[in-house]
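Here it is, the structure in full.
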Amino acid sequence: MNFCDALNKLPGKEENGLFGKNFLRTWDMSDEDIKAVASGACALKALRDGNVSPKIFDSGIAVSMFSKKDSGMEIAFASGCDLLGLTIIGMDRKLGNSNIKENTAMASYMADTIGVCESDFVEKSSRYMKRIADSVEDAQKNGVITQKPCVINLGSDEDTPVQTIADLQHMAGVFGGIENLKGKKIAVTWAYSPNGTRSLAYPQGLISLVTRFGMDVVLASPEGMDLMPDTYERAEKNAELSGGKFTRTDSMEEAVSGVDIVVPVNWAPFSFLEKRTELSDANLGTYIDLLEHELREKNNEFINWEITEEMMEKTKDGKALLMHDLPADITDINCIRGEMTAQVYNANLQNLFKEAGMRPYVIAAMTILAKSEDPKAAFETIAERATKRYF
Amino acid sequence: MNFCDALNKLPGKEENGLFGKNFLRTWDMSDEDIKAVASGACALKALRDGNVSPKIFDSGIAVSMFSKKDSGMEIAFASGCDLLGLTIIGMDRKLGNSNIKENTAMASYMADTIGVCESDFVEKSSRYMKRIADSVEDAQKNGVITQKPCVINLGSDEDTPVQTIADLQHMAGVFGGIENLKGKKIAVTWAYSPNGTRSLAYPQGLISLVTRFGMDVVLASPEGMDLMPDTYERAEKNAELSGGKFTRTDSMEEAVSGVDIVVPVNWAPFSFLEKRTELSDANLGTYIDLLEHELREKNNEFINWEITEEMMEKTKDGKALLMHDLPADITDINCIRGEMTAQVYNANLQNLFKEAGMRPYVIAAMTILAKSEDPKAAFETIAERATKRYF
Amino acid sequence: MNFCDALNKLPGKEENGLFGKNFLRTWDMSDEDIKAVASGACALKALRDGNVSPKIFDSGIAVSMFSKKDSGMEIAFASGCDLLGLTIIGMDRKLGNSNIKENTAMASYMADTIGVCESDFVEKSSRYMKRIADSVEDAQKNGVITQKPCVINLGSDEDTPVQTIADLQHMAGVFGGIENLKGKKIAVTWAYSPNGTRSLAYPQGLISLVTRFGMDVVLASPEGMDLMPDTYERAEKNAELSGGKFTRTDSMEEAVSGVDIVVPVNWAPFSFLEKRTELSDANLGTYIDLLEHELREKNNEFINWEITEEMMEKTKDGKALLMHDLPADITDINCIRGEMTAQVYNANLQNLFKEAGMRPYVIAAMTILAKSEDPKAAFETIAERATKRYF
């Protein structure tokens, strides 16, 4: 999408539903909100590709709060925020051993955006992000801060909106527009990874989002590898409303047959994650070890849930679009057995990198939409100014 | 204070006593210097609250040297320096295992400000900061650097000028001006914290500063919990000169009776800190463990030195201003027993956050005052330019 | 060198051999390339010393990839990149446990420069850097990135071009121009350090570079402390072509007699480093410990290879220029016995700091040269704009 097309899809004055808002889950956002983020991301990419600087901040802070290292998303956040002129400050901490209100206040004084990544504890992680967002609101209401940062979920226990909106726009780029995704078949399939304790955020977030745009979604997973129950209901309801489809299967082979898009992804079953949160709340560390051991044994039963060249052959014309929320676990590259073979990975490498490359723009678009009453005017100002990014 | 009032209080050409100076201890600064920092902080806050960018640097570095994590002050330093357009670089290291002159040179090449936080070793920490400041001066004298950064103490063993000047201005905001602080009663009282090994910087710095502005200061602490001896002399002399008052008591209850401001703060006795420095110099680590154990036992004797709602009731009209150099140890929030109850903390939360919110502006003001021969003109330029911080 | 002289030596349109290139080894660069980097560094220093901001980027990222802490070079990279307006992001990781292509893609999306420091594994480290550079090229070729960052070697197993070009320009500053280095005598001499496992990058890089400019180079080392064999050949060939000289000796005393410049430097023998890489590839950690123990014993035989005042007396007029790629190991300052005495270090301190102070400018110059088709025009634009760095 070129800059002008993207610009025309952006909300103007009194049309911006995201002004002053946070970005915790896509299902709290309207379809228009989501398209606005996607269009904003496209507009930013078009500008930067044309060596025009979309810096809209003259000083300002972007605070990143990661509970553990996640280089991909960390760099995406830093890159996206830098694009707008914000300085990145890391205030990384574990959930639990901190005074959330106080930490949030310290982070908020000069912040324009706060990115939070915390996915370790199902249900608790989401509450934590919500409390950060509430603390920011309190600080503003009480005059502690005069300019409110938006809070962006960079990966929680239940959703990862930056990744999924990046994916939506990536698919739109490949298939010629979000409207063209209607009826396209996408297989979201559990895949083996030695890690085995991954969060539910990506599979849940993806099926919750794409069912809203009329896609034909099939979710495949081994028996017992369940997501949070409300995810299935949400996906079904979305599909019904959008004229899409949502089905489930326990066969990867069946899932990928004839699809336009394949998404291998590893996750731990919800029942396990729920138990882990309970044990952690009760400070029963040893039982967590036992639980994880048990899970790995279960996980290892499904070592052949792997995207191979044969599996790819079964997709539409044998050349479905492969997507992944990197980093990936790849057989023979960074593990003995992983989500896909090295052949499949290498054949799709540059496309996977393009997909991930949308994340910084999505983050930057979210920040502009949360800070500008009239995003269209903001982008017009950028385009008129036409500051060369370097000379 | 609005921008114009603050601007009028700033020093102009040939009036700026802080040009080219460092900020190690408030007692090395004149009253005019301190008021200039406070006014500069107000002017910066007024600008930012009005969405005007006070960026005065087009590139430039702010180096932070923390000997251990201190998120609050780290973010304050980063936020304040970013406001002026400086990039923050962390060069964190422990005192002792380093070549101070060489490290300082490496940090100084492009630095406009260097923030140092090192409070672990009484007397030694101050000498360390002084050596950094001296090394910067040597580097400039010898042509290694052509533009000299200022050195800012972000917390040492004896003073913490950023925090105390932020507090001075915070009180001035509440009571209608620094001149109105004359005669106001402030209780600085030792309070229990499980930590037990805190530095003397805040209580010493606070009573050393506020006695200069005519306040009626009472210091409360359990027997044996002494500050450095010269602090008492300084506070007494300051009070005498300013028409203020400085008294001591070993009763928290007595201290807070009828006061306008209450400041609970935990510290370790000077005699202990002195011994710890000696043992560390002699590389006697095991003895330090024993000493700290002994201290914790002594500390635990005073577990009921806590600011409770009953204690707050005794203050003037039962509603004294509560101040704290966050982070605080709060009963039932981040410890079993701390400096104040959760009720007291929660009732005063937003005011505590406002107090801490002055720190970034104080740091930024210090940097401008150290770099500008004519700070008034610099601020006038910012105001004329009126660059919107974002659009 | 003043700004105008430096400007005149910069390449203009169609003369810039470094456009779109990387900076991995000086021996992959032409003499003109090297002089262009040195002149660019001088021009940048002249601008900054005159308080003119050479910021050419309006947003943009500089990614640093260090496999271990190296404060000096880390700050140099950050300082140099900030000077141009780039934001620094650390993506530090060890060689070996990572997917190089994927990491490089993540780093490249918004990067204008990527600085890599990895010197632990002889031969392997260089290959790692090469693979990063290749991955960037692939990403561009495949449309993953539209603007290609340059890759800068901040220290590998075989060369350290930032340090050596900084040294070249430092010597040029002292002796009145690069052309005046012709015939100057320089002793690069092994020196004792308790560390004992230092990489070959600096001695190899330095003799490989300065022999190209007609210098009379003598390399001194104890028997068995060998560099990579091709280094000697390269130095000899360079000397022959440039009218310089390259000789070797096993006596420090002999080496320093009558020289204009002395460079003490510690390194581990190539044969040892080669074995260590092999053991590491075979995951034989315990044997590495044994090997390092053996090396330290050998290293300790040469404890009197130290630059003392007596040694300095033997140089030309007793006052040769002392150079070092800081940090240095100095007797009585940060070790019991090191590369030089405290007296020698202190007498040459400010000159050593000036030498290291060229590094940020070299890094910045490399980045401009890699990004600008017409560097001369870029510098002219900076000079015309004449933005004051602060006011």
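We just call them A, B and C in the order they show up, numbering each chain from 1.
Here, a contact is a pair of C-beta atoms (placed from the backbone, for glycine too) under 8 Å apart; a residue touches a chain by one contact, two chains touch by 3 or more.
Computed from a prediction, not measured in an experiment: that's the story for all the values here.
Comparing the residue numbers each copy contributes, chain B and chain C share less than half of them at their mutual interface. Annotation, chain A versus chain C: rotation angle of 120 degrees from the Cα superposition, expressed as a multiple of 5. Measuring from the averaged C-alpha position of chain B to that of chain C gives a distance of 40 Å.
Those residues of chain B in touch with two or more other chains are numbered 85, 87. Considering their complex, residues 56-61, 63, 85, 87, 89, 91, 93, 97-99, 101-103, 105-107, 109-110, 112, 138-139, 142-147, 371-372, 378, 381 of chain A touch chain B. Within the complex formed with chain A, the residues of chain B that make contact are 48-49, 51, 53-55, 71-72, 75-76, 78-79, 82-85, 87-88, 326-328, 330, 333-334, 349-350, 353-354, 356-357, 360, 387-391.
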